[in-house]
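Look for subunit A in each of the two complexes below; its partner is subunit B in the first and subunit C in the second.
Up next, the complex of A and B:
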């Protein structure tokens, strides 16, 4: 009896949750366009009385955001490059060979995922200091964040490789290809979508990386945008529309990429590349 | 005739599992050899060992006179057709066909010409620019075949290539594969669990069981003189009837158990009182008015129009008649069989006596 109503109920629930989750995003954009006094209105206004965009160029130049964003891009690219190159090989081996050691390897990789960055940072800092890596702080952050991103990438890409039938590789071997050749000409093209999606997700999360950057990079012009944002927050910070404008500039590119690639990302995560 | 593939005392272990136990086999150039057996008998493992996809634990393997033990698949110059066809999903039919040629450095125009030629012989000309996902099962099967024949390899290896097709197409492709084999003068090794495929397609049938070769020979030789109860039960459809029996006083007839003292003649004399198993093929049993040597109560009657299958009420005996019958379920009928069609096996070892 209730069956026709259930989907509506669930849909309403989903929409409510989505609205709750997306409200801060909306609030960020709206607040950035309000005047300093309007921010403190009670009851608050849900649409700015006189939208004012002049805060954006002010924040961009006043806060040297181009430097911060460039550092974010450098760090995220480095993390993605290391993760994709090493992680793809690792995931392939873990997908194709079955032994006790592979299981042990998978377990250790999942362990890495369990350890939070805030716990890892102290030993990493001490270790990096001893080998002199702190003189190259962005490299140090890239290495630390790549290690953090690796488990997620390996586990997801391994699943993609497992969806490529082994017989295709065997056919390529019999057809005259080598093991490595078969990997590059058969397996990799078929797993491409899955790898691409995981790479994008890795890039996005590295773009917002904060803990390692904040702790390791002291020099201001090497810091990424996430650390730059925390520079606003002091004991007396009340520059809310500047903070919101900074956040909007920081977040919008990521959001745009996600919206554009949304369909591919979802299909790449849920289905195999085949059939 | 020269030997194209020579297997000598091949052993294969997967951990503690002994998959192949000292298999020796010589495959002549130009012959069509079928490897049959129930699943898990090692027939696919043997084929994959020939292709080089499995390493052999011990023994030696020669293809066209060259020792191939430990040689990677790409240097063996064999072609394989997989059960799932294993077509490359991201390549068109033409690219699938020419993949091996491109790997061997054949120039593009020549590769394309060869692909067109192969497509013409396999009926794929109109489909060259389609992707595998846009083809039907039968068409995919043809692409898999085409990919094998384009190279002119030293041997074709087939791993149950027809098991994903429907029955009508299977019968059709059976003939086509055999015709292709004859036209190319190729050497083929064909793995199947379907004895009908093996019997109809092959010159030489190898029956495998638990990693060993149970019997090999021409198809009709296996049908006429199975060396064991296993081969007898595996070859022929419907399967042979096996009945426990005891050799009678005269040594020339066997008294069947569970049939109220019915008898069958023996092809050669045996010592009286000995326990045996007699094998009677359903198509050799005849319903007779008089002179039947044993009787059954009819259970089920199934007719396909051309043939009639009659089984006994206790399900011990099945027989096949070519013509229609007036026999009804519950009737008591007399059966006879010529002595040359009676197979006798040892109940302990299962070997032919």
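Up next, the complex of A and C:
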């Protein structure tokens, strides 16, 4: 090595970069702790003069956040359940064979992965209206969002299945297992971690789903937290400490799960399909 | 009959059921709506015909009407700015960060992983935070830029027609950079170390090594990242209602948001569908590039 190499200097630089990049998150928490007048200080204070958490219960009850968050959980759970149940089997088959048909199937799934939700929402809304699904708005959103989430899930989980050695499954078949038995007792347990990571990712993205819920769910007590946030957010918003407190309550669980499972999520993402 | 059930339990029928269930689901909730969208773009859709499938045929009227809308070219220009500026920003910053984190120092992987929080956050929350950071009089970005001497006057990011689209671009760059960085880091890690050592022995400097080893070896990764960036940017929706709502006067509206506004704020579903179809053609173009550049990896 010709140049001076100081890992600690790099570490300091890395921490600075991370701090810069994560500044918006810091700003969210700091703003939520400021008083209604302090948020309009010019220049703004980088640390609240008198940190005040009273806005949190105020927003929680005033904005009926428990209802909104419960709906988000219901929708995200439904999306995750459908995606995992249907997607896992599909990914397994697509990983097991190699033929023109598998390529065609993969191509179709990749094509579906790229469809923007804003392209799909108009026909979905009109179609749901015709078959009467709009009377069950949360179910309609779950179905639409599951179709959106599934391609990504299939592509990622397929990569997990590809890393399960074929020989193990073949050995189970030779020992007299049926295909169903080998799938449930050998292949699935081996791929469990990868499937779990992808399921968590699916849950997280469905937890923040916005466009389908906004367009389909009209009743306020069925709307998820994202739609609840949009209710008092716009170009002319003024109660920023309340908005930031709402956002903080909304994302902190996601952030906590992500930080705890960071290593697994990152390795799950980088293995195989996204190389 | 029993042969049929046996095949389900222990043969190719098992595979067909597994793959068929998922494909049927996707066909019903993604394939059919897509076709329906194309159909609607050629029909007259209004409140009276909303509930029926057979509607008066409109031919290309909807397409002509959409192109004749006064804001059409503005939205088209905004879409191009949004897509290319976002992609460029995400890619350049993401690549720089990936190169930086490819250095060996304690905690590199962990710190790099922290960047990904931007990716798991709900888009609407990201939009809310950036909307506040970009605020004109009280926004922290203006304060920081002023104290660094980069700007003298307050910039009204969200309400100045010259900057409104850039407000959304800035937020979108923040949102997508981490994902770009992660994918590029995977590509960087796959380059054999000895190539660099050999080049160094031959006297190549850092710039030459980057130009003659890193870039050529990363070609397929870069292709995939760029097309994923294009697809992700075209899919971006949540930032628009959170930051500018397409305004002022459509100066920050893009095709996806415009289509949604047509359908769900003006209840003109035919025009909404027509814009969607136009946008779909753009996405199709991007996905062909994407599939071509990931084909080798996907087949494994």
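Structure notes:
By our rule, the second predicted complex is superposed on the first by the 242 of 275 C-alpha atoms of A that agree within 3 Å, B and C clash if a C-alpha of one lies under 4 Å from a C-alpha of the other, contacts with A are read in each partner's own complex, and residues count from 1 in each chain.
One rule holds in what follows: contacts are C-beta pairs under 8 Å (C-beta built on N, C-alpha and C of every residue); 3 or more make two chains touch, one makes a residue touch a chain.
Computed from a prediction, not measured in an experiment: that's the story for all the values here.
When both complexes are superposed on subunit A, subunit B and subunit C fit side by side without a clash.
Put subunit B and subunit C next to each other and count what each touches on subunit A; the higher total goes to C. Shared-chain residue A:73: touches no atom of subunit B or subunit C. In the overlay built on the shared chain, the residue A:168 is in contact with subunit B alone; subunit C does not reach it.
Judged by the touch definition given at the top, the superposed model places A:178 against both subunit B and subunit C.
Once the two complexes are overlaid on the shared chain, A:188 sits clear of subunit B and of subunit C alike.
For the three-chain arrangement built by superposition, the Cα-centre angle with subunit A at its corner and subunit B and subunit C at its ends equals 90°, in steps of 10. Taken over all C-alpha pairs, subunit B and subunit C come no nearer than 8 Å in the superposed arrangement.
When the two complexes are laid over each other on chain A, subunit A has residues 178-179, 274-275 in contact with both subunit B and subunit C. Within the complex formed with subunit A, the residues of subunit C that make contact are 9-11, 14-15, 17-19, 21-23, 25-26, 29-34, 36-37, 40, 45, 50-53, 97, 100-101, 103-118, 120-133, 135, 137-138, 140, 143, 147, 158-159, 174, 177-178, 182-183, 185-187, 190, 221, 231, 234-235, 237-238, 241-245, 247-248, 256-257, 259-260, 263-264, 269, 272-273, 276, 279-280, 283-284, 286-287, 290-291, 294, 297-300. Put simply, subunit A touches subunit C in their complex at residues 7-8, 10-11, 13-15, 17-18, 21-22, 24-25, 27-28, 31, 39-44, 82, 86-87, 89-90, 92-94, 96-98, 103, 105-127, 129-130, 143-144, 146-148, 150-151, 154-155, 159, 162, 178-180, 183, 201, 204-205, 207-211, 214-215, 226, 229-230, 233-235, 237, 240, 243-244, 247, 250-251, 254-255, 258-259, 262-263, 265-266, 269-270, 272-275.
Taken in their complex, subunit B has these residues touching subunit A: 51-53, 72-74, 76, 78-80, 82-84, 86-90, 99-100, 103-104, 133, 147, 151, 157.
Across the interface of their complex, subunit B is touched by residues 165, 167-168, 170-179, 181, 186, 189-190, 274-275 of subunit A.
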